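Notes follow once the structure below has been shown.
The letters A, B and C name the chains in turn, as written, and every chain counts its residues from 1.
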Amino acid sequence: MKHWKAGTAALAVTIPLALAGCSGAGGTDESPAASSSDASAGLSGTVTYWHAYSEDSQEVATLEDVIIPAFEKANPGVTVDAVTVPYDELHQKLITAAAGEQLPDLVRADIGWVPELANLGVLEPLSTSMSDFQDYAEQVYPGALATNLWKGTYYGLPLDTNTRVMMYNADALAKAGVEVPTTIDELVADAPTLKAAGSYAFADNGASGWNVLPWIWSYGGSITDDDVTVASGHINSDASVAAVQMLVDMYQAGYIPSIIVGDSGGLATSDGLVSGDYATILDGPWMFPIYQSQYPDFELNTAQMPAGDGGSISVVGGEDIVMTSTSQNKEAAMAFLRYLLSEDAQLAMAKTGQMPVLSSLTDQLTAINDYFGPFVEQLATAKPRPVTPAWNEINTILQDQIQSAMRGDVSVKDALDSVATQADALLAQYS
Amino acid sequence: MTVTSQTPSAAVRAAAEGWRRASSSRARRTALAGWLFVLPGFAVYGLVMLYPAVQTVLLSLQDWTIVPGQESPWVGLANYAEALQDPVFLRSLVNAAAYTAFTVPLQVVIGLFLAVLLDGYLPGRVLFRVLFYLPVVSSWVVVSLLFRYIFASDDSLANSVVVNLLHLSGSNVAWFQQRWTAMLAIALLGTWKGIGWSMLIFLAALTAVPVELKEAAALDGAGAVRRFRYVSLPAIRSALSVVFILLFIGGFNVFISVQLMTGGGPSNATQVPLTYMYQQAFDFLDFSYGSAVSFILTGTVLALSALQYWWTRRREAL
Amino acid sequence: MRRTPRDRLLLALRYLFLGACAVVMVYPFAYMVSTSLKSRTYVLSDPTRLWPDEPTLDNYRQVLTAEHFPRYALNSALVAVASTMLIVLLSSMMAYAFSRLRFPGRRVLFALIVVGLTIPTMMLIIPQFLLARDLHLLNSLPGLVPFYVGTALAFNTFLLSGFFEQIPRELDEAMMIDGAGAWRRYWNLAMPLAKPALGTVVIFSFLGTWDEYAWAVTVLNDTDKRTLPIAIALFQGQHSTSWGLVFAASIIALVPVIAIYLTFQRYFVAGLTTGAVKS
């Protein structure tokens, strides 16, 4: 199945390339597929593109003043209508529009939404309908690409990516006289010393997958099998239980503050790191501009996710670009999608803090923003959260059960057994 | 010709008939006017609210797949049966009931008190009217954030009151970590934001009290309490019951403050019906279950308000 | 009027109490103002320190000069004014009929209004979206109006019918004997007498439509059709929010709301009823 698809994709790639070579000789219909900007004669119409880029940063400005004009210049018949939607409402707006068949042509979707939208049947299966899909698939980071795979078909391509690395307060560590922890064991061993010096060893603002999966994976645990069909034997495996037990023990010993169990009145991780209340946190690249403007005097230091038996493995975040199956202008939309994944567009967005997904740009990243370095390194091993429409629900159950274990209502083993049972039932609905 | 053939008794009958016809035609005219008055508003209301509501009821009886073209099997009352056995939903109802029981009396009493103080002549009363109304117009996002700070787990305002002033607790309270302390913070926010709202309605209602009556009562030497009891209160009784019912319904439908302050957490401890409905429908895409949850809420609130309505207004005709 | 020492004491107590209440009620607003005067803040600071170290109007300048901001304010104003006018007219007509005119089906229709009070509108959003699509009201500013009016009618009709009932029936009957029809009794008697209540309806309706966000963000797409709450929400980012901008924009958005409030609270003047009856 997979081989067949790869084969046709490879075949399909060669045809447009051949056509592009003789595009002067009347390559009409096929020429749009011949990728990016130059061979685009005959494309016309409007491409509607919904996204939730931040209006306040340079993101929207770069999209509207740099990327879209460049694309429209190369494709004179095409107009791109970019719609900025507040991030918190984009999901609701997408679902409502899906029910009313009013979706735009392209959406910059949170990586977690792709399997859900694919399952609703509103996404174009790119790996079958995009002739040069395989080309793009090979150019992007595999961890980011994997977020688009649903039931053997890719429904999108990654657009930007990120991950969480360890951020630490060097003064807090120095005050306690401890080194920057490189392994989980070191962090655990340093925790009492840090507490004596007035700092929590680690802080996080919840116990959802985004928060706890780096620990579970780094311990060698997992949440489901590779095909995301079953959770039993994974989320409640010995390694997963040991990872969560470590977090529970740290919390109960007072080495992790109560915001991890949902105390929304507690000190935020970003503030606590600056004040030295928190020695380490895990967070993403967006924190750098925030710290720069909020706490210009604070030196934000990063290190890799502390390693365990499974290595140093963090969680992939970011957004994918998807095309809707109701799009009336798929050719033009496809052309814009390709352009968004071009080096030009990816580099332009990189300057605003969005990490590119093209592995070819890896070496240039630190020249654009030197803080990208540790994230690029971490991304080499980072994994996506399970790609399934059931993830939202499983994630909620996971957080509830881990928090119950932290409060001492239930043992870690029982909590994770319960997650496994409930997750199995949810996953079975989609198999 | 008919006149000549009429007997006197027939003439009397005709006159009586004419009267009846006149009054029945007046009744008909009134009925027609009633319909014409209601028609434009009700048409909009029926189209925009009732019609979608009926569709939502239908959704709650299916396993709805959202996207057209996919089959949505009918499941009867299965979603309702599930909801009534769902411990999280039942807890959310209890939370909303507690929220209502806390916020409604406070908003009514304080709102009424402020309205009475600001009703009579008082230099600067417009300023106070504006100041007390400010919470109503402030954005939920802003005030929810603020209340999270006020009830923060460390040395926050709320903790300094509880620990240092009232000595209710020996150490700082992590308000949002437990169900009832979190609900208390949410309820205090709701009360604080709602007082100006009920004050406004009471202010409008109090204008119906004739000044002469108040002055006459004052001349009779009636104290403030008695004046309020015998002059003002009867005039605003209807407004009082309206405010009561609206607040009651609003209390059970509490949503934004919970969503912004705790999101229903930790571990569903502060879930209220609408946050739970929102989670089921828009996060988990189970619209059918979300609809069932919201209609059980609607049914409950409706039954309770009907009871109240009947109770408070039983002496008056509608 | 002669003031006894006891009167003065009572007045002082009254001010003291009102002042204390005012502090509690205004505090969050003061916090909002102070944050809006801080330069770029992503993280909110200690709310007990109200006055910023280096106050600046930078956020206000940035908001007011933001692209299309006046346009968004105008959009919101047009929608809010049109909706408010329709809400006042339609809900007062319904409320008058429910409280003063006898017609078959009155109780059923009123019961349906009460049902509407209790239905959470969030749950109706998808059926409403499909309806708006079929009526070609998506992505249109005038298209917001029927939805704003329809969702506000239950509340305002219910509120007003409580007030209309308070108007003495004798006045109605006197006009009826003079041969006044239903419309004249509604327009010349009930409406002037219900001015304070109508003022409340205006204040609430304007606030509600001016602030409405969930529906607007769902149905509007075009940049130039955005309403103010959408523009303010866009200052909030996925990972970080410049609270100074959000608060400054929120305060600017309050100005028309307060203006409407100040204008219409003047109808809350005690003794209106007696004056009207005499004339």
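Things to note:
The rule is short, and it goes like this: a contact is a pair of C-beta atoms (placed from the backbone, for glycine too) under 8 Å apart; a residue touches a chain by one contact, two chains touch by 3 or more.
Not measured: the values here are computed from a predicted model.
Where touching is counted per the definition, the chains common to subunit A and subunit B are C. Of the two chain pairs considered here, B-C and A-C, the higher C-beta contact count falls to B-C.
Put simply, the C-alpha centre of subunit A and that of subunit B have 42 angstrom between them.
Averaged C-alpha coordinates give centres for subunit B and subunit C that are 15 Å from one another. With centres defined as mean CA coordinates, subunit C is found 41 Å away from subunit A. Counting partners per residue, subunit A has 92, 95, 99 as the residues that reach two or more other chains. Subunit B has residues 66 in contact with two or more other chains. Within subunit C, residues 126, 130, 236 each touch two or more of the remaining chains.
Contact residues on subunit B toward subunit C in their complex (touch as defined above): 27, 29-35, 37-38, 40-42, 44-53, 55-56, 59, 66, 114, 117-120, 122, 126, 128-139, 141-143, 145-147, 149-150, 157, 192, 195-196, 200-201, 203-212, 214, 235, 238-239, 241-242, 245-246, 249, 252-253, 255, 274, 277-278, 281, 287, 290-291, 294, 297-298, 301-302, 305-306, 309, 316, 318. Within the complex, the subunit C residues that touch subunit B are 14, 17-18, 21-22, 24-26, 28-29, 31-32, 44, 46-48, 90-91, 93-94, 96-99, 101-107, 109-110, 112-124, 126-128, 130-131, 146-147, 149-151, 153-155, 157-159, 162-163, 165-166, 181-183, 186, 196-197, 199-200, 203-204, 207, 211, 232, 236, 243, 246-247, 250, 254, 257-258, 261-262, 265, 267-274. Contacts from subunit A toward subunit B in the complex involve residues 91-92, 95, 98-99, 101, 116, 120-122, 258, 261-267, 389, 392-393, 396, 399-400, 403-404. Subunit B makes touch with subunit A in their complex at residues 65-70, 148, 151-154, 156, 174-177, 261-263, 265-268, 279, 282-285.
Subunit C makes touch with subunit A in their complex at residues 40-43, 125-126, 129-130, 133, 138, 214, 217-218, 221-223, 230, 233-242, 245.
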